[in-house]
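First the structure, then my questions, so here it is.
So that you can tell them apart, the chains are marked A, B and C in the order they are listed, and the count of residues begins at 1 in each.
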Amino acid sequence: MKNVTFRIGGVHPHDSKLSRDCAIETLPLPQTVYVSMAQHLGAPATPVVAVGDKVKVGQVLAEPAGFISAFVHSPASGTVKSIAPRADIAGKMVTHIEIAVEGDEWAEGIDLSDTLVTEIPADRAAVLEKIKKNGVVGLGGATFPTHVKLNPAPGSKAECLIINGAECEPYLTSDYRIMLERTKEIIVGAAIMQSVLGGCPCVLAIEENKPEAIQAMQKALGELPYTNIRVQQLKKRYPQGGEKQLIDAVMRRQVKSGGLPISVGAVVQNMATALAVYEAVQKNKPLITNTLTVTGDCLPLEKQHNYLFRIGIPLSAIADYAGGVPEGAAKIISGGPMMGKAISNMDAATVKGSSSILYLSYDATKRGETSACIRCGRCSDACPMGLEPFLLNRLTKAGDMEGLEKNAVQDCIECGCCLYSCPANIPLLDRIRQSKVQVMGIMRARAAAAKAAAEAAKAAKQ
Amino acid sequence: MTGTIIWTIVILAGLGLLLALILFWVAKKFKVEEDPRIDEVEKVMPGANCGGCGFAGCRAFADAAVKAPNLDNHYCPVGGNEVMKKVAGILGYEVKEKAPMVAVVRCNGSCANRPATNIYDGAPSCKVKAALYSGDTGCAYGCLGCGDCVSACQFGALTMDVTTGLPVVDEQKCTACGACVKACPKSIIELRAKGPRGMRLYVSCVNKDKGPVAKKACSAACIGCGICLKTCTKGAITLEGNLAYINYELCKLCRECEAVCPTGAIHGINFPKPLDKEAVKARIAERNRKAKEAAEAAKAENKEAQQ
Amino acid sequence: MKKYIVSPNPHIHAAVSTRSLMLDVIIALIPALLVSVLFYGLSELLILALSVACCVLLEWAITKWMLKRPSTIGDLSAVVTGLLLAMNLPATTPWYVVVVGAVVAIGVAKMSFGGIGQNPFNPAITGRVFLLISFPAQMTDWTVPQGFLSIPSCLSGVDTVSGATLLGKYAEGGVEAIAGTDYLQTLFFNIGGSAGELSAIALLLGFGYLLVRRVIKPWTTLSIFGSVALVSLIFWLIDPTRFTDPLFNLLTGGLILGACFMATDYVTSPMSTAGQVIYGAGIGLIVMMIRYFGSYPEGVSFAILIMNMVVPLLNNAFHQKKYGRN
């Protein structure tokens, strides 16, 4: 099979998939869970339960508060203790529903059996409704509501569904484990999304460093009745799993700046999302569990784990169950080492998008002393969007917003390749992210003003 | 040889003359007619081009001031009343005197008062840090200590105190241009009236958390107890979201609030004498006692009148 | 409670630093340095040591007392400048000339612009050009010192060591003066010249190392070679009795040293591939113009300095190919 990859930039960080051989274990429920209302991209959900209510596992706790928003379900049965702001992993206050766990009683209508249901429902609207009602969001990092993505605007047609199994971040193995252990469910989930999108070809894109997963997928595809689904092997390269990069790798097409993947006929969904879609549609099970890797360079091999966890368990409870924070840990990260977020508050609750607790040692993670730029050009060689981070950094310092927009700072995907490869340890991405936010604000304001002016002109005409 | 020298001189002189003529002609042809008063106003401006007035620079200010019908919306905080008088003189306008202002850092979360809870390792910028998380202390409101305000200050009036990790304003150098106010992502710095002989009172805290939370994060935090509010006889103090604020326009600098604040969040500076807390407290107690007596007497009178 | 580190992403870093890159350049220079020390002996070693010591000391002193900043000598860039400067000097250079060269290279060309990363001109070349203009006699005296540890004849394969380089002979006497020279021999060993001109193979070995380690990209160097070969081919075809042939021009003088180690300096070369190709082509063209028509026998240093001036323009004109913006 021919390996493919994206055409611009990229880096090769060390693989470090230490927990790859740890089978998924089920994490027990603690006494209290905290369910965040902002677990997805878009508007935070609105709680529909009150303090003192008894809730069951899988019961709706909150409803979407807008078009881009999602349902939130209870991960446990018990009593709602409070609905109040609580600090997330970065210490920012977000409304959480606190539930005191009592037993494990599931809401009705959820199929808890292990039987594989391969028959795909034909009613597209019903399937989309199920995905929406069960709170499925993209689990690759952005947590974009899946039903919105699977329902492209009229006029745009999906030509290829890419199931993202790149898992290009070092250390993370949760996707790899579900590809091995839940192979068939993932393929059924992919087939469901394929049928929702009108039967376009479906590609299971997996990086070459996971040959067992590729084999398992190919074997399972042979045993299942679906057509037009194939496995595509990818070269190992970061950020292969970035939506835009993956589209370039698989379809040789590039999404225009500011455009959506569907504009080039692509829909990208994560492996874990495919599994969530399977459970939502075939089993009517809401998104209340996900897989999470506990790993790190300072964690002994026997303490590395892949867990199936209920969304809402505090990170500290998981860390304690896994044997506590290791002695040598200097930084704790939620997500991968390239794009993950550093955790400043271990009491924060897990959310739908939580994929790991990563412990990094001081030597692995401490940033070096910043020195002067030597104009080596490594940052622009590494940038997968073809930007010139050194230039953007300079423009940011000068406060030149026009120059920043001209040099496409708004295209930055914040993958971290520039800072990763800078020999002078210049905090390129830190600063570029700031100017990206500012420039996008300016662009939005300008677009809004143009829209208002056009409407005013229209009204004047009438 | 002589011929070469002569020719060189002739050619160079001719070239010079020709270019001078061209320059003269271009300057004449493309001359922009400007109000000469713009130049005059610009001359009396401080020339810092800091943008504190809201315009791009001193020239832009002069241009706008000349075109404006009055000087109500034009004030140079750096030059202050003196410069504005001169500007008004040139333009023949009235100028409203403004009380001199100074930048005030409203956070006392020094390393000792507000222990760190984690180690920040990103770009040394408050903006970056504020966007990332709540900060490296338990207080999500206070100073982040990366010195964005210091680098924003053009007058060298701000420095980071190494021991406290907080910015310090040099009153002599501060021109109240407001650059630091804009630079601070946590809105800690405020422009306040300089006060008579520099004396002023302010709440050195912006933490809006509930008392116990704020106190746990920082021993110098305002806990929103409201004692100052009850003590103040001038109605200068307001309490909003667990945080007291002293309105400098109403404050009469009696320092009673400073004396009663249980956490020392209220700071009085440049006062000639150190605050004698006990004396002030006794004074307040005395006043309260008298007020109580008066109230009771009034009550008694009321009763008598009713009977 | 233990305090953990918090920072924006990414949380890991590639094993590369300014220091490691400079160290790679130093390693790449070792073969050429060895050849020159073996050929010229102790005097060459002394010049190398003096040049490096002067550059490093000067940078340290300037950062400490003039700029009042933390010292930057730890990044080893001053060592590289010192080595490259010494490799451009004859082995007979008096000590004070070396010191002046170091002062110009570090003091004028590098630190006065703000130190590493800020200098528009290559420090080592600026130093060399300054010396070439100020001390023409000392800078073109290519006699081989007969001293301690000198073993020239057994290595060079020639019995007598001449006092002029091939390019010098050509500049003096035209094509006839160099007729009959075996160029291929110069691939392994040049007759006379500065340390950096002695052995093409040793220099190319170092260049290969830099490419393998991905310290530099080959475009600038290849473009210089290509442009020198093309320009000299055209002129040689027009009049072989007046102009030297491409092979001669590629192998002689400081071209290989300049193309592999000086023109590829990060700070003073363009960042985009297209920019690097144009920059290299310009250097090649200027080198050939100076060699054929200039009063100096060799022009690599001048060519690089001149093209250094164009770098900001090239950086402005050519940008990276952006994703989804064609």
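Throughout what follows, a contact is a pair of C-beta atoms (placed from the backbone, for glycine too) under 8 Å apart; a residue touches a chain by one contact, two chains touch by 3 or more.
Computed from a predicted model, the values in this text were never measured in an experiment.
**Student:** From the Cα centroids, identify the chain that ends up most central relative to all protein Cα atoms.
**Tutor:** That would be A.
**Student:** Skim through the chains and flag the pair connected by the most C-beta pairs in contact.
**Tutor:** A-C
**Student:** Farthest chain from chain A, going by mean C-alpha coordinates, please.
**Tutor:** Here the answer is chain C, farthest from chain A.
**Student:** If you average the CA atoms of chain A and of chain C, how far apart do the two points sit, in angstrom?
**Tutor:** Here chain A and chain C have centroids separated by 49 Å.
**Student:** Determine the centre-to-centre distance between chain A and chain B, using the mean Cα coordinates as centres, and give it in whole Å.
**Tutor:** Computed value for the inter-centroid distance: 43 Å.
**Student:** Counting in whole Å, what is the centre-to-centre distance of chain B and chain C, each centre being its mean C-alpha position?
**Tutor:** 55
**Student:** Two-or-more-chain contact residues of chain C, please, as numbers and ranges.
**Tutor:** 4-8 - these are the residues of chain C that touch more than one other chain.
**Student:** At least two partner chains per residue is the criterion; list those residues in chain B.
**Tutor:** Each of 117-118, 121-123, 128, 132-133, 136 in chain B touches at least two other chains.
**Student:** Indicate the residues of chain A shared as contacts by at least two other chains.
**Tutor:** In chain A, the residues touching two or more other chains are 331, 342, 344, 365-367, 427, 430, 433.
**Student:** Can you list the chain A residues touching chain B in their complex?
**Tutor:** 87, 90-93, 331, 342, 344, 365-367, 427, 430-431, 433-434, 437
**Student:** List the residues on chain B that touch chain A in their complex, please.
**Tutor:** Chain B residues touching chain A: 117-118, 121-123, 125, 127-128, 131-136, 140.
**Student:** Once bound in the complex, which stretches of chain C touch chain B?
**Tutor:** 1, 3-8
**Student:** Could you list, by residue number, the parts of chain C that touch chain A in their complex?
**Tutor:** The touching residues are 2, 4-14, 16-18, 20-21, 72, 75, 77, 114-118, 266-267, 271-272, 319-326.
**Student:** Which of the residues in chain A end up touching chain C in this complex?
**Tutor:** For this pair, the touching residues of chain A are 8, 11, 13, 170, 244, 248, 254-257, 259, 325, 329-333, 337-344, 358, 360, 362, 364-368, 371-378, 380, 383-388, 390, 407-408, 411, 414-417, 419-421, 423-425, 427, 429-430, 433.
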